[in-house]
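The same chain A turns up in both complexes below, where it pairs with chain B and then with chain C.
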Partner chain A sequence: MNELGKKLCDIAFDKQKADYLLAMREESGNVAPVFISKGEDIGEANIDYPYQLVTILSRIYPWLNKGKIAIVARRCDEKALNETIKRGLFDGNRIAVIGLACSKEQIKKCRCNDPVPTKVDIGEPNNGVNTDELMNKLQRISPEERMDFWVRQFKKCNKCFACTTNCPVCFCEDCVLEERTFVAEKGIPPGLSFHMIRTFHLADKCIECGECERSCPVDIPLLTLRKMALKDIKDLYNFKPGDRETASPMLTTLEGELLEDDTHVC
Partner chain B sequence: MSEFNPTILAFCCNWCSYAGADLAGVSRLQMPPNVHVIRVMCSAAVKPEYVFKALSQGIDGVLVLGCHIGDCHYMTGNHRTAKRFPLAQKILNDVGIDETRLKLDWVSAAEGEKFQQVITEFVGVIKKLGPNPLREVKF
Partner chain C sequence: MSVKHVLTTCPYCGCGCNFYLQVVDNRLVGVVPCKTDEIGQGRLCIKGYNAYAFVQNPDRLTHPMVRDGHQLRKATWDEALDRIVSEIKKIVSKHGPDSVVVFASARCTNEENYLMQKFARAAIGTNNVDHCARLCHASTVAGLVYSFGSGAMTNSIPEFENADCILVTGSNTLETHPLIGARIVKALYSGAKVIVVDPRETPLSRLAQLSLHQKPGTDIAWIHGIANVIISEDLVDKEFVATKTKHFEELKKVVAEYTPEKVEKLTGIPKEKLMEVARVYAKSKKSMIAYAMGITQHSNGTAIVKSLANLSMLTGHIGKESTGVNPLRGQNNVQGACDAGSLPNFYPGYQLVANGDMKAKFEKAWGQTLSDKPGLTITEAIEKAATGEIKAVITFGENMMISDPDITHVEKALSNLEFFAVADIFPTETSKFAHVVLPAACYAEKDGTFTNTDRKVRRVRKAVDGPGEALPDWEIVCELGRRYGAQGFDFNSVSDIMDEFASVAPAYGGISFDRLEKEMLTWPCPSKDHAGTRILHVGGFKIGKGQFAPVSHEPPAEEPSEDYPMILTTGRNLFQYHTGTMTRRTPKLERESPEPYVEIHKADAKPLGVEDGDRVRISSRRGSITLAARVTDRITEGVIFVPFHYAEAAANMLTNPVLDPIAKIPELKVCAARVEKA
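Up next is the complex of A and B:
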């Protein structure tokens, strides 16, 4: 157990009184998520690599009936937790957050404008970056050029579903992209509609973690596309995903009241 | 060169717009023959996914027609439609498809003439825009 591991365990098990801890550790040169219960050895803990632990949490949560889970969370993980708790996937009282502030390089890579968690436990808080150069460029050029750009990007797509599998807010049990009506079983690349459908679905819950872009094996600038959609929904309904109270405008009627039985639908 | 004849899909809700289209037909109102009408139970049953798929496969324009706000057979179905489609239009714009290729409008069962007017106008707009560039793109 290294220094960092000790610190994480201290915060999780002593301060937050959690029963489990979800973090990242290094083992023979590879960094991977690790899930331990109280008293276990965490090993060589590592926080240098961004990874959406909420995705892992949503996989193991159904197997844990009781106990509090502490999770190492950057600001984006925290927002992802808020979005998922709001939609009823987790019990908010059973989850404790260990706030992790991102480094400057990481913020630059994610073009993140909101990098500081509500409570910083580890790391030094840094200011966010406000501009996404690619997005600015795409908004300047003509629609024809923009389509040309995206068609060239999406032609690289090989429908590996990495963006979907690793997304912390993709939690539908029956994914619309696995329906043959919308995405043909045969045929690679899947076409423009695949990415438009995903963009539309994530517009009211994307928390800009950039995991889709990081996990994409062919480097499609997916985070830029998400940021564009988030700007659209902000312009239209003045809604920004990431807090636990505000209901998504897609789930409310024009008067603003929630539709029946709709709080749990994604 | 022959004139460009667009292919247009019109999703009409069963309770208002489809009856409106019916009325337009029974009243023998003249309108362009480019529109394929698809009957759906409610305008909220039209997932934006259908629109995205249609446009990315080369359809020139998509019309979504529903009951007027407040008249929905399912109380608040068209409220959802009214919220979804502006966002879908913006996303189309983000990937470079002209957002006027998707249009949302309300036509009630008594408005045969409005149906004719909406169709004629939309076909005019799409004719001016030209064919969908995605028709030529092979993925």
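Up next is the complex of A and C:
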């Protein structure tokens, strides 16, 4: 067990009194996600690669009936957990966050303006960056040119579903992208509807972790697309996803009042 | 409560992406791409993400079965294995060892393939061992061994991203090798010239700067046409040709006949486009060629492969970063199964059976007298089973009743066998004919290695227990060997099998499980202190000089006729995989491509009164199938395409079993066919 591993175990099992820990470690010359029970050896912990641990947890969680899970979480993961808990998919009392402050390099890659977790347990806090150069460029050109840009990008799509499979806030049981009325199933690339449905569907949930962009085999700048939709939601509704309390404005009445119990609807 | 993330290698195409299987208490719950993997780089295709979904399907074979009369009934492992051994022994004593054939598998590990060929050679005493590489890249092995001295992909997957020009032919790369296709797309979007030559439009050809459509069966003509332009426009790398190659004058003489005008007539490719391709390929600093079944699955496949090799040597685009001739191997371990010696003419490591020194070497290593007679290929073995010369077949994970040409004939051959044993993970169209069926563990249930298309030896790790009594193939073969009374089958681990394989195959000499735990190794890796070889033929060819091949264009075995006016070509799509035993049991994949279809050009559909979605009957000289029409303009007029995944309308009912004379690969890419409204 390395120093980082010891620290993670201390925080998870001693301070947070968790029963399990979800983190990452070096293994067979690679860096792997790792899930251990209290008392197990975490090995050589490593936080250099941005595995989407909230998504990884979402596949394990349904099989874990009890116990508290400590999870290494960046600020964006923390927000993903909030969105998940808000919808009742995780029990907030069973989740403990080990706050990871992102490196300058990672912040730059994510064009992230909110990189510091509520409580920093691991890493040094760094300032966020406020500009996404591609977004700025796209906002300067005409809608027609912008459309051309995205069509050329979407033409590369090989329908791997990485953007949905790895997304921590893709909650739907039945995915509309797998329904032939919305997305024709014959061949690739899928039509514009595939990307547009996803863009709008995530506009009130996306927490800008960037996993869709990182896992896109053909480098479609999906994080920029998300940021542009989020900007519209902010401008139109003054709403930003990621906290545990505020329901999406998409779920409110026309008068702007919250519906009863609607926080459990996605 | 146990939660594991087990690093392993994808069981589908030859890219060899690594991912983690997520396991909760022996239950597979998901796939996470490995972010530090050099090949996948934390990305996968839709098949990779869903590679967990078929593993614990209730249809899995869970116990051995033996045939009593017409019925297969449940049996113990002892009974099933003893039945195989006694039947094979009986047949060998009556008809000799060459009346038995072992079909190994490109789906199984290197260690398993090593044992399967050892079982055929050292236990039964025959070189009759082959596997489905025969149906995909047999012509690559034969062709590139002639041209360069090695039959494998010359360069590596990451190099595609840095190429200036990529010539892709006979490969629907984005659908069949998605993570290689993605690298080519990245190169394209950062300014590289991508050229696709294919009778169909593919997702990649639609993005490429240059997309050419040849008439199926005319590949040597257009490839020689490019060579013609390179020579006539003085684009030859003269120094490379003079110092590193031989037979240039012979080639020059042959390709002189293939003028762009003549090529246009033969292939349908406009001469201006052909000339442009020649110039771009020759003049770019770093030019790569990538190809697959569209080149190899022809009755002159070996000659076509050699003609592609000619282009790389003419221009010196070989032996350097981001160049070379790159066959994209279609299955997870088709490279490894060949390396491990599951070929009738080669011992492990491509050492010739017909070479007395090699035979002596393996006799010493295995402590057994061996046959010096090269064995039968799959395609020949099927033929000889039909005529009664082959009496028994043991097959591991092959589904010939979907994958082999002319299925009606395959059925006749299998029905004619005195004894037929099948080991597989699911019941298949083929296992119905077996006298003994053995339940095998799948990739997620065993340890071992796969060798991917760019020669990287990649670990497969056990994540969950197999269903019921299923066993890994290597344990099955060890049991068969021991019960046969042969020595050298007492292995306790796959690591020990790899050690023996490495000790007899020089290219694997330095490869061991210990090293693979720490580093990525690419063969040739001849010794423990050797780091592996990413690019082949750097500084020259090991055989001395590369050989130009003055081959000639020949028409395909079947050309359109009055009764069969169309050309049928076959292949895969993105969502299904080969005979569908795994992908058709994967809901997300089956949803995307649930039923068989034929692609037909609008202009061909109209006079037949066929509209998109109509049921049509397709017939060839060998059979008929009925399926839905996809009317499109994404295919050349006069050509139809049927994916071969679907048992309910199996494309191989129609295909022509005529063989390439050298590699014995069948002409799956061209046969004459007729379309009617059903």
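Convention: the second predicted complex is superposed on the first by the 260 of 266 C-alpha atoms of A that agree within 3 Å, B and C clash if a C-alpha of one lies under 4 Å from a C-alpha of the other, contacts with A are read in each partner's own complex, and residues count from 1 in each chain.
By our rule, contacts are C-beta pairs under 8 Å (C-beta built on N, C-alpha and C of every residue); 3 or more make two chains touch, one makes a residue touch a chain.
All figures in this text were calculated on a predicted structure; none of them were measured in a lab.
Participant: With everything superposed onto chain A, say whether chain B and chain C fit together or clash.
Facilitator: Overlaying the two structures gives chain B and chain C room side by side.
Participant: When the two structures are overlaid on chain A, which partner does A:145 contact: first (chain B), second (chain C), both, or neither?
Facilitator: In the superposed model, A:145 contacts chain B only, not chain C.
Participant: Taking CA centres after the superposition, what's the angle at chain A between the directions to chain B and chain C, given in steps of 10 degrees?
Facilitator: The vertex angle at chain A equals 90 degrees.
Participant: Would you check which partner chain A:59 touches, where first means chain B only, second means chain C only, and both and neither mean what they say?
Facilitator: The answer is second: A:59 touches chain C but not chain B.
Participant: Looking at A:130 after the superposition, I want to know if it touches chain B, chain C, both of them or none. Which is it: first, second, both, neither?
Facilitator: Neither chain B nor chain C is touched by A:130.
Participant: Give one of first, second, both or neither to describe whether A:93 is in contact with chain B, with chain C, with both, or with none.
Facilitator: neither
Participant: Touch check for A:214: first (chain B), second (chain C), both, or neither?
Facilitator: second
Participant: Per the contact definition in the header, classify A:237: touching chain B only (first), chain C only (second), both, or neither.
Facilitator: It touches chain B, and chain C stays clear.
Participant: Identify the partner contact of A:249: answer first if only chain B is touched, second if only chain C is, both if each is, neither if none is.
Facilitator: After superposing on A, A:249 lies in contact with chain B but is clear of chain C.
Participant: Could you look at A:228 and tell me whether it touches chain B, chain C, both or neither (first, second, both, neither)?
Facilitator: first
Participant: Answer with first, second, both or neither: which of chain B and chain C does A:118 touch in the superposed model?
Facilitator: neither
Participant: Report, in whole Å, the shortest distance between any C-alpha atom of chain B and any C-alpha atom of chain C after the two complexes are superposed.
Facilitator: Superposed on chain A, the two chains' closest C-alpha atoms are separated by 9 Å.
Participant: For chain A, what residues appear in both contact lists, the one with chain B and the one with chain C?
Facilitator: 155, 187, 189
Participant: What residues of chain B sit close enough to touch chain A in their complex?
Facilitator: Contact set of chain B toward chain A: 47-49, 52-53, 55-57, 69, 76, 79-80, 82-84, 86-88, 90-98, 133-134, 137, 139.
Participant: If we count contacts the way the header does, which residues on chain A are in touch with chain C in the complex?
Facilitator: 20, 27-35, 37, 49-51, 56, 59-60, 63-64, 67, 155-156, 158-162, 165-166, 178, 185-189, 214-219
Participant: Quick check on the complex: what are the chain C residues that touch chain A?
Facilitator: Touch residues, chain C against chain A: 1, 3-5, 7, 18, 20, 22, 24-25, 27, 29-30, 32-37, 42-46, 48-49, 174-175, 178-179, 181-182, 185-186, 189, 203, 206-207, 459, 517-520, 573-574, 588, 591-594, 630.
Participant: Write out the stretch or stretches of chain A touching chain B in their complex.
Facilitator: 138, 143-151, 154-155, 176, 181-182, 187, 189-193, 195-197, 199-200, 203, 225, 228-229, 232-233, 235-237, 249-250, 252-255, 259
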